[in-house]
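In what follows, structures are represented as structure tokens.
In what follows, chain A forms one complex with chain B and a second complex with chain C.
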Partner chain A sequence: MLRKYALKRLLVAVPSLLIASVIVFSLARLIPGDVVTLMMEENQYAQDLDEMRAKLGLDRPIYAQYVEWMGRIARGDLGQSLYTGKPVLRELAWRLPVSLELGAVALVFAVLIGIPIGVVAAVRQDTLRDYVARSGAILGLSVPGFWLGTLVVVLPAIYFGWSPPIEFTRLDDDPWRHVAQFLLPGFLLGVASAASIMRLTRTQLLEVLRQDYVRTAWSKGLAEPRVVLKHSLKNALIPVVTVLGIQIAQILSGTVIFESIFGLPGMGRFLFDAITERDYPVIQGINLVIVGTIVMVNLVVDVAYAWLDPRIRY
Partner chain B sequence: MDLSRRDLLALGGLTLSGAALAPSVGRAATPKRGGAFRFRGYTPPHFDPHLTASYTTMINLSFTHGRLLKHKAGPTVKPGTFEYEGDLAEFFSHQDDTTYVFRLRKGVRWHPKPPVNGREMTAEDVRYTFDRFMTIKGNANRHMMKSLAKVDAIDKYTVKFTLSEPDAWFLDSLSNPMALCIVAPEAVEKFGDLKKPEAVIGTGPWMLEGHQSKVRTVWVRHPDYFVKGLPYIDRVEGIDFPDPAARLAAFITGQIDAGPEFPGMMIRQHDFDVVKAKRPQTRFVRFPSNVMTHIGMRTDKPPFNDIRVRKAMSLALDRKAISAATAPLGVVKNPPVPAALTAWAIPFDQLGEGAKYHEPNPKEARRLLKEAGHGNGFATTLDYATYGSQELIDAVQMAVKFFKDVGIEVTVNEKPYAAYFATAYQGKYEGLMMGPQFPALDPYNFLAQYLPGEPKNQSHVNDPALTDMILNSGRTLDEKKRRQQVWEIQKHIAKQVYYLRLDSGIYYAALDPALQEFGPNLGYDYGGRLMAAWWDK
Partner chain C sequence: MARPIEVEQVERWAVGRARPGALRRAVAGAGRFCRRKPLGAFGGLVVLALVLAAAFAERIAPYEFDAQIPDARLVPPGAEFWFGTDNVSRDIFSRIVFGARVSVTVGFSTVLLAALLAATVGITSGYFRGRYDIVVQRIVDAWQSFPYLIIILSLLAVLGPGMLNTILALSILTAAANSRVIRSATLSVVENPYIEAARAMGSGHVRIMARHILPNVAPTIVVVATISLGGVILAESALSFLGYGVPPPHPSWGGMLSGSGRTYMYKAPWMAIWPGVAISLVVFGFNMLGDALRDVLDPRLRGGAR
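Coming up: the complex of A and B.
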């Protein structure tokens, strides 16, 4: 039954990806400003512009460019950057791990912070601890990441003559420094997600704690940790797992800012630069990877949801 | 704070023209070899100078490649002056108005990297470079050599350049650190083009050791550099910090040795107090910026085809107030050629009648508008892009306010950078446009903004007398005479008020005090300026 459900969800994912490919391809070209204009900068001589457009294949009809791009995708080729001439796939191959590392660290922080605080807030509802946790969550949701990131870099530099690592170190150069450079941006990126997770954990756990079977557990004289963590939390976490899927998308989009502030050469920064430069193949390639990742994550979440809660069948 | 003419001369100085081609070297008594220099680097789209207009490529290649001529550098060179001297050429003769013969230095070696493997550079390499520059498809800088007809290698060390017409700016273009470095034919043959880091093989003082896109670029000393003993610094590292706050933090905490802002290792004016307090030993060098922001007007259409309206627009602007808000540590007043280019900008107090339109006079502005039939004012639009600069946004808002004060209602169209570049920057707008202009090192780039058919002619100027004056100056090889012509051109332009020029800010270059024999300047020649520098620590 679960397998059939998973297969059905997989089939739904295919048209989603196809529609996304059309959107990704056309939206990049709808951004005002032309890549060739930007490449030539202030040297806008008409003949040179036409020459460059022809050289890059941008003088052909847009549908022809789309068909060619899809053909390449089918062969596992995301095309070449218009600016650097480098294959997009190769560029992504070394940038994607940086973003994934940052995203993973952020997710770990989000879960490690969000769930325990959510549990405490639920179990100690309407106490000082609950109020502090909820206020913290509101703060975490409302403080802009770019502002927090900038302060964390600049203030220690001004007051202590120290700054966190803002120069990228590869794993093979210095493993400890490599891991360390992700901790602070990962923490800051995880804070906003932690706030959402905390609020949802609290709400869901409060609901579960009012269920009859939990009352039965209490009446049996079970200890609080056992009632809360073993009997209640698992059920309360089912919606949280769904939200985690959404949080992954949010975290991926948040990498753009933190990669720039902390000098991490990841996919977010790559995308930001590509949009600025109207580098269509790069914009398309990255967005396709992001869309694909999100579709897959949602697929996994849906399947996990069905697995966690056997009542769910669509 | 305005700067007086005396201040300006002290900041920038007047250039001394000359044709001596001996390379300038460090003058300090005991320069020391060794050490590393770390600065805010730039990730280029690629490394082929003939296939991009990006300054990031040119900055990177300034460490690795030589040119026939280069700009003099060092602490004695006044920023804003660009006297040329020999780089790969040791001598040139000017046979007639259209023929230049260059004698190359002997013993100039390419970097010891395959496939060139440190062979001697020859005239054939120079010919190959310029042929490629002129013929390769997609060279955005080809216009720099628009007067070049052909290049011949006469013998192993002699190259002849034949121009199609006299071009007084030809030598300035050759010495410009933009795209005209000499490249190795074998590298093009082996790699297909020069985009890859492996293809970065030049004759310059440093060799590219490694490049990690968006992370860092590292250069090491060229052991066979043709100037004996140079460079003194063994290793150069360019760290790519995309975020301005991170860049500032990197400089304050000593992670880089020079100010992180473009182009001359600057800091932003509003960071000055923090830097001074937190890195007190920093050596600051002040000089005017050649970035000139202006307001362009559709002078080919009403109402801006009426000179009275243009004058009124200029008189409506309180430039001093805009400067006080956007560049509190000082500005310079710009004649049509930015004041920063001290060899060519006419001193403001000699600008003549046009100078008075630089000062605010709302009453006179209203009178002129009334005389032009706009007593009740008029409405227009202003296109601009923020360039990510709060100062520019403030300047736009203040300009709109000043125009409103005299009855001109301006609707602001803020455009994304790329859209602005594709439209307003190329003169495609309805009423007004506003933005910074390309910070060229020669006056011609600024004068081209007045030539019909030039993409930089944002105000659609079509003034036959002015066109003749500009073209004539380009044919006048006598530099003294040409300077006089350029001054006359500026007086004419100022009177016609084709653009509304704002003041330019003062740059603050910030340097580690232990760095000796280094003088900051405008432009992309980071490598050229560092060549004779050394660490005293």
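Coming up: the complex of A and C.
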């Protein structure tokens, strides 16, 4: 049953991926003509207009371009950077792990902060603690991450003469410093997600706590931690799993900002530099990798959802 | 441009369609809203302050946003310059006040455009269902699977930076998310007998959607639009911070935190503090107002994944 559902869900993911690939593909076709000229003159990406068009893959009928592009991608060729001439895939091979590490740290912080506070807020509904938690969550969704990042870099430098390291340390050079450099940006990146997770945990847990079987658990004389953590939280967390997919997309967005502020050579920074250089093959390649990742994450999340909650069958 | 959603207007939705002589009821309703949702009322106040600052920036700000004041470089906050001055001798308080104009313009135009798009897509998708719905929803899925900042930056890389392009890119993305909610509201409205009655009386599709469905999903449209406003303003500031939103010399709060100013922030931390405070406060206000509105207008939306 579950396998059948997983297969069905996989089939639905295919058209989403295809449409997303068309969107990514169309990006380069939207470049205004004068910009192509500008790219030639300013960045010297090509000798003349024909060569420029050929490099951007604009020299053939549009459907042929798409089919050829997809064919190359299927063979693992994401194109070459116009700026450096290096294959996009090779560049991503070492940059993607940096972003994934940052994202993973952020997600861990988001879950470790969001769920416990959400539980406390729900169990102590309408008390001071609940209000503080809820206002704090909205504040967490309101404060721009790039501002927090800027303050964390600037203020300690002024008052304590200390600033976070902005040189990248590789894993094989110094494992401890390698992990440590992700903690601060990861925490800041996770704040907004923690707020979302806290809000959802709270509302879901409140709903579960009102159900009959929970009343039964209370009347059996079970202690509060057991009722809340063992009987209620398990069911309340199922919908929280589904928003993890959305949160991962949010966190990937944030990597662009935090990698720039903290000098981490990840995929987000790569994308930002590519946008500054108008390096369209790189932009397309990164977008495709990101969309693919997110469609896959959502697929896994949906199947996990069905596995966790057997009542769900679409 | 959209008028701000004021508490009275909001309450009018909650107590039913406005009838002649309903002013007193609206005022009483506003009072009730403030008592029941103090944080929402606080949010409304922040939003009102933002709109006033944007509308009367010339009267409120002591200096022009690009005026370079002689002998006033990097002055700390004080009696003369409330928020201090920046590295090219401009008054930061004045720039914050004028920056409200950018936030209001981008925020409200984006949300208005997105509401139009989302209502069209959401209502037709929920009304016609079938193959059209499936195709449209797959496209919405695909848009939503892009992380917002990444697709918008990529779009702006192609279209070029600027206020208009920022609004266009942000509204397409906001519309995709909002159309989902409007579609599900439409799905439940379509089930009502009065829709069938309208059809039996010979109303066409357009008439049914415009006269019978739209008024019934309008509260949902207002709520999702208000809730998205905070996010849109936050996104605009992030884009301007990265240098792809509203170009200088227009003072965008996000832009004030980026670029050449960054190196001076070590000497003048107030340059880094005030724009961020402004963004946080305004987005906080919109989020509070949006949450309270949702509880009052459309409790079904409570507990949404946000």
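Rule of thumb we're sticking to: the second predicted complex is superposed on the first by the 275 of 314 C-alpha atoms of A that agree within 3 Å, B and C clash if a C-alpha of one lies under 4 Å from a C-alpha of the other, contacts with A are read in each partner's own complex, and residues count from 1 in each chain.
Basically, contacts are C-beta pairs under 8 Å (C-beta built on N, C-alpha and C of every residue); 3 or more make two chains touch, one makes a residue touch a chain.
Quick caveat: nothing in here was measured; it's all calculated off a predicted structure.
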| message | Just to be sure I read the superposition right, which of the two partners does A:I283 touch: chain B = first, chain C = second, or both, or neither? | response | second
| said: Touch test for A:A304: chain B only (first), chain C only (second), both, or neither? | reply: neither
| message | For the three-chain arrangement built by superposition, which of chain B and chain C touches the greater number of chain A residues? | response | C
| message | In the overlaid three-chain picture, which partner chain does A:V179 touch, first (chain B) or second (chain C), both, or neither? | response | neither
| task | Could you look at A:L96 and tell me whether it touches chain B, chain C, both or neither (first, second, both, neither)? | result | neither
| field | First, second, both or neither for A:A157, with chain B first and chain C second | value | both
| said: Just to be sure I read the superposition right, which of the two partners does A:T84 touch: chain B = first, chain C = second, or both, or neither? | reply: first
| request: Applying the touch criterion given at the start, work out whether A:I238 contacts chain B, chain C, both or neither, answering first, second, both or neither. | output: neither
| query | With the two structures laid over each other on chain A, which partner does A:Q204 touch: chain B (first), chain C (second), both, or neither? | reply | second
| request: May I ask you to decide whether A:F262 touches chain B, chain C, both, or neither, giving the answer as first, second, both or neither? | output: first
| Touching both chain C and chain B, counted on chain A across the two superposed complexes | 31-32, 150, 154, 157-158, 260, 278
| remark: Listed in rising order, the residues of chain A that touch chain B in the complex are 31-34, 37-45, 48, 51-52, 55, 81, 83-85, 91, 150, 153-154, 156-158, 161-163, 166-168, 170, 260-263, 265, 269-270, 273, 276-278
| request: Give every residue of chain A touching chain C within the complex, in rising order. | output: 15-17, 19-20, 23, 27-28, 30-32, 35, 135, 138-139, 141-148, 150-151, 154-155, 157-158, 196, 199-200, 203-204, 207, 239, 242-243, 246, 249-250, 252-254, 256-257, 260, 268, 271-272, 274-275, 278, 280, 283, 286-287, 290-291, 294-295, 298
| Interface residues, chain B side, partner chain A - complex | 45-46, 52-54, 137-143, 193, 195, 212-216, 239-243, 245-246, 248-250, 252-255, 274, 278, 415-422, 425-426, 438, 455-456
| Footprint of chain A on chain C - complex, ascending | 39, 138-139, 141-143, 145-151, 153-160, 230, 234, 237-238, 241-242, 244, 254, 257, 262, 265-266, 269, 272-273, 275-276, 279-281, 283-284, 287-288, 291, 302-303, 305-306
